[in-house]
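Next, two complexes with subunit A in common: one pairs it with subunit B, the other with subunit C.
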Partner chain A sequence: MSNDSALNYTVAQGRATSFFPTFERKDELQHATHFCPGCGHGVVHKMLARAIDELAVQDRTILVGPVGCGVFTYHYFDVGNISAAHGRASAVASAVKRSRPEAIVLSYQGDGDLAAIGAAEILHSANRGESITVIFINNAVYSMTGGQSAPTTLLGQKSTTNPEGRNAIPDGYPLHVSELLATLEAPVYIERVGLGDNKQLMAAQRAIRRGLENQVRGLGFSFIEVLAPCPTIWKMNAVEAQHWVRDVMEKTFPLGVMRDKTKETEPRPAPASAPALDRIPGILGVAEADLPTGNAHVMEQGREVDLEVRIAGFGGQGVLLLGEMLAEAGLDAGLEVSWLPSYGPEMRSGTSNCHVRISNAVIDSPVVTSPGVLVAMNEPSLRKFDRAVRPGGWIIYNGEEFPADCVRDDIHVLALPFTQIANDLGDARAANMVMLGALLQISGVLPRESVSAALRRLIKHQRWVDLDEKAIAHGGSLAAARSQEE
Partner chain B sequence: MRKQLMKGNEAIVKSAILSGCRAFYGYPITPASEIAETAALYMPKTGGIYVQAESEVAAINMLYGAAAAGVRAMTASSGPGISLMQEGVSYMAGAELPCVIADITRGGPGLGSINCEQGDYNQVVKGGGHGNYRTLVLAPYSVQEMADLTALAFTLAERYRNPVFLLADGFVGQMMEPVEFPEKAIEAETPRWAVTGTAATRSNLVTSLYLDADKLEAHARHLEAKYEMASRLETRSELWQTDDADIVLVGYGITGRILKAVCTEARAAGIKVGMLRPITLFPFPNDDFQRLAKRARAFAVVEMSNGQLLDDVRLALNGARPVEFFNRMGGNVPTHEEVLHFVRALAAQIAPASQPAEERLAHV
Partner chain C sequence: MTDTVKHDRGKIEIDANECKGCGLCIEACPPKVIAMGDHLNHYGYKTAFYAGSGCTGCSICFTACPEPGAITVYRTAVTSSRVEAPCASN
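Moving on, here comes the complex of A and B:
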């Protein structure tokens, strides 16, 4: 004990303020914790409560508890308490801290909880540099469930699921969580401490306090691993278990500071204040000023419109944009519209297609299975959908020659080398707009002003607006010429 | 108010933020990813939190943390991701935490496909997680409903302190339609049970643990009472041309849209067909089924899954009327032509009994 005074350490007597005066867990046991004699949890609980007291953050503290022997944190700590699912405490704590940046958020987890089932959550919480403090109790076994192996079980250590002792083959090695997290850049403080003797206990108390202090200072992710005795599962008495931490566990899990960036780390700036509520619709682009000119070019009343279009081509040909432009123009004209795309990997390989409906009645199904107009930007797309075109309908096909075996006598066809035509106009990528122009001419339902309004709404660059306008106009005149021929 | 053209997935996020949601924790998956992308764009600009989690397991547990801290929070995923989230959904229901989860369904089981399917019905409506709990489930069938039901979902989530699902298929998520939003944004109040790191909330506790049998039973009965109340107050459905219908078609989501087209065409062919579209899948509109069963001769369920909705319709009708079934799976969406064909066959089956006796005799 002679070292104690040298370290300027005084043993706390009595109950920390951050502990409840009595524990409501069981009616008959209000004076005692549920921990076994000699258990490390009780010691760490006391250290944690002291640290909360010393830093005067009891009101601000939110403790996220684990599943395991530490599950009852909320029966002992008189702070805000949240009980998490097995292994998820650090994910829960991450969101609590982001929700309440002023709070001091602690995640308290054991080795099964943190190092096994919650390995992904702790790794990513650390890697994101969440401003939380994690207390990790490593006693090398699953205690709550009766002594099964943990990822931290020592080589040779027996457990109910390693009755002959852990072997490197096939069980692998004890997981060094502190060292693992210390490979990450974000954490500001990582230390492994033990409860193996009084000297270790004092270092543990300091580390736990530092972990909290770092958060009070707003520094970032702090992690304290505590090698803790479990006399019951280890089948030792309290003293033997404490010495086993120091004499055996520590050889596998060396104590020490693995990361300390607390000096050079600047406190994090406070989050930007939220915008005023009345600005939210504008930010989302749904305020009155953001809406389309809307019904500005409403067509004459009473005219029946029911345009069902299928547009298909290679990904990258602007199939979806063509459809969107059509729908946007329909909306501008005061009509009901729907646009339904193919989606997913199709967008990245091969074909793409979409369904567009424009109607003056409410649209029942947006799924177009028998289109009145098929815009086929390549041959595979033509062959996929040509039979579906309803009698009397149109196929607008991007190709010099319409394949002979696709010819039907009950539909109209406009087959032109639209890509080449667009290229001659200035850019082959405007082929979709030339075809849109042809479609608009053939269907004859949308006013030119609506198409122009849609174009300006969807295309941001003036160069493209100009080119697309030219393309749409040209497509329209090609279709008109074709109609005259007929 | 004027409308604008928007994807269903985008409408969800904008409606959520207007409804006071200020946190999105998620993980990308087709066909729900636009929801995460839209949230990533707008949450930070509106004072909210966006985190792309390491997994759906982490995402739902982050939602647990955000909700426990009193923030309106949501996530979105699709089949495989929803499977992973079921742990957290059970915990949130147990701990009575509100949240909104959008499931934009795709094909399953397993990796299935990214195509449009409705096979998540059971895991969402029946509760895919462990324990005695339910989730409230809303099933939008248009972009406007994606917006409107998202707003409703947040209201219900807080009213019942329970997770609320939006169950929409890939088509409803991916399609664009005109949509309008409320003109004003709502500011969510911090619930008084939340754990916010203040002296006033220091005694608050969020947990789903009740080790004592009597306490857990009391808790389960309390949850049951909430679900029973939701059944009385929150059930919604759309009845479409059902007043004189001999055949009532039943479908939700994009199927509901297709069934409307079927109704129109069937009626043009002289078959009296209507549609019952559940908007809440839990609570299920059992009373509507019983009421329509007094007039209709048969019901027909149309779904993009293996009879999952069918089970609930059978329970609702409790044998009152025969229930026929038409389904497509794997990403094949039923066309209105093939459903119409099915309806014609059904009409022919039930026709003789509905004809006056002399007409039947005339056939002989």
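Moving on, here comes the complex of A and C:
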């Protein structure tokens, strides 16, 4: 170009300042993108960079990139960058926006990323109306991996995984993500644009700028779908691919604004920030200062405590709570404790059991394989663990008759109808606490105040605190009476 | 090319190192003043070039081009009826 013209001409369009001056992905080829000639990604990258420049938000933009050909956004855009796991970009963007409401947060995703593995994330981000802008590049195939069918693949379109072309049966229909999201109430702006000819290009540039502008105005969820050419996978030259967008793709994916609530929408208030970490125990009602304590950090020094308990029963019998009570009381007494529950997915019925260790030394393992005390709340649970009880240990069994074939002469047994006893005290469900009382009496390691404090920490309702206290005391006296018999 | 002619409203520069020769700018250009060159650049691509006159500065080639810095579009800063047309260096 002639030098004299420099006086007369100014740059109308040039490299956006939102791009890095050089792309340092590799040692070589730092002047250009990694995109194939004619790639839609490059075109949309430029539109996005231009919109960021024009709205002067480069220094507060955070771009969440996808997995796919668009993965290298962080090598190109000189903004804050995060690379999300496949399909999760809009979920990541939601979190970023919530924690940095002043940031302009963009999620840039392809159709394999957004419409397949990330279908749940985009649906729920849109439904929550997150104040983010999502740029969705739809080229109807998985390009980076070599051209497999995507949810957006057109009917009849061939792919490596569908060499005969997509068939509605059994492959289903191309997924219309924009239309799908437009059924939701929360999104503020949804538009599908294309890169098929000059007119479409101009509309795409406007839509992308619009999507960003909406966020600058604080309006809410904006979604711009871009029908983009992939000359390489479509096996076309760049111009043929561009025309294919306009002449073929657009028939399946009509262009247009699917949702525009930008006029009537008020700026969304930023979500209240999460409470400071040190306030959370108070909010949950478990702040140390608010909890009852037995002030029983008074275990005699030098006294060796090493209680290993296995508690087993049916789900719903209070097996885990019994263990928690023990552990909590041990904590209150200033001891080392561990509580390890072991149960299936069922909340009621089914067997469950837990391991509890209480020690004045550091606990090496929370697993109790040879319990000193087994609390068995029914016969199946007894039979599961009775052989494991160590010689000299105890079995506390919920049943009047201890099964004859379970009798061992090297252990002690306390077999009582604890459920019936609890029922007589006021509620059969307190059987676990009667058995806890017996266990405490037999083990003799935990101070009464600690047990009482643990009870008040774990049980919210006063009625149950009262009943459980009675149950524990009664269980203790039953065990004491039993000891005297021995 | 130093004849006094009607001044073009715009002109473009194409960086032959950044151009990948996809041809989208040629397709997009309304006055059709961009063409594809014959020789290959350092990276093995034929590259597009500006014919040297007739550009309106509309920038649609810039929008169509996938590469960030391959095309720079200039527009006239002053209106003058007697300026030299830029010569076609390509």
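Just so we're on the same page, the second predicted complex is superposed on the first by the 254 of 486 C-alpha atoms of A that agree within 3 Å, B and C clash if a C-alpha of one lies under 4 Å from a C-alpha of the other, contacts with A are read in each partner's own complex, and residues count from 1 in each chain.
Please note the rule applied: contacts are C-beta pairs under 8 Å (C-beta built on N, C-alpha and C of every residue); 3 or more make two chains touch, one makes a residue touch a chain.
No experiment lies behind these values; they were computed from the predicted model shown.
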{"item": "First (subunit B), second (subunit C), both or neither touched by A:R482", "value": "neither"}
{"item": "Partner chain(s) touched by A:F35 [first = subunit B, second = subunit C, both, neither]", "value": "second"}
{"item": "Partner touching more residues of subunit A, whether subunit B or subunit C", "value": "B"}
{"item": "Subunit B versus subunit C as contact partner of A:R310, first or second or both or neither", "value": "neither"}
{"item": "Contacts of A:A16 with subunit B and subunit C, given as first, second, both or neither", "value": "second"}
{"item": "Partner chain(s) touched by A:P341 [first = subunit B, second = subunit C, both, neither]", "value": "first"}
{"item": "Partner chain in contact with A:R259 - subunit B first, subunit C second, else both or neither", "value": "neither"}
{"item": "Shared subunit A contacts, counted only where both subunit B and subunit C touch the same residue", "value": "none"}
{"item": "For the subunit B and subunit A complex, residues of the former touching the latter", "value": "1-5, 14, 17-18, 22-23, 25, 30-31, 42, 45-49, 51, 53-55, 57-58, 61-66, 68-71, 73, 87-88, 91, 95, 114-115, 170-171, 174-178, 181, 183-185, 187, 195-199, 201-209, 254, 257-258, 260-261, 264, 333, 335-337"}
{"item": "List of subunit A residues in touch with subunit B within their complex", "value": "58-62, 64, 71, 74, 78-85, 88, 91-96, 98-100, 102-105, 120-121, 123-124, 128, 272-275, 277-278, 280-281, 283-288, 290-292, 294-295, 324, 327-328, 331, 336-341, 343-345, 363-367, 369-370"}
{"item": "Contact set on subunit A toward subunit C in their complex", "value": "1-2, 4-5, 8-16, 19, 29, 31-33, 35-43, 45-47, 49, 76, 198, 201-202, 205, 231, 237-239, 242"}
{"item": "Residue ranges of subunit C in contact with subunit A within the complex", "value": "7, 10-11, 13, 17-18, 20-24, 27-28, 30, 43, 45, 57, 59-60, 62-78, 80, 83-84, 86-87, 89"}
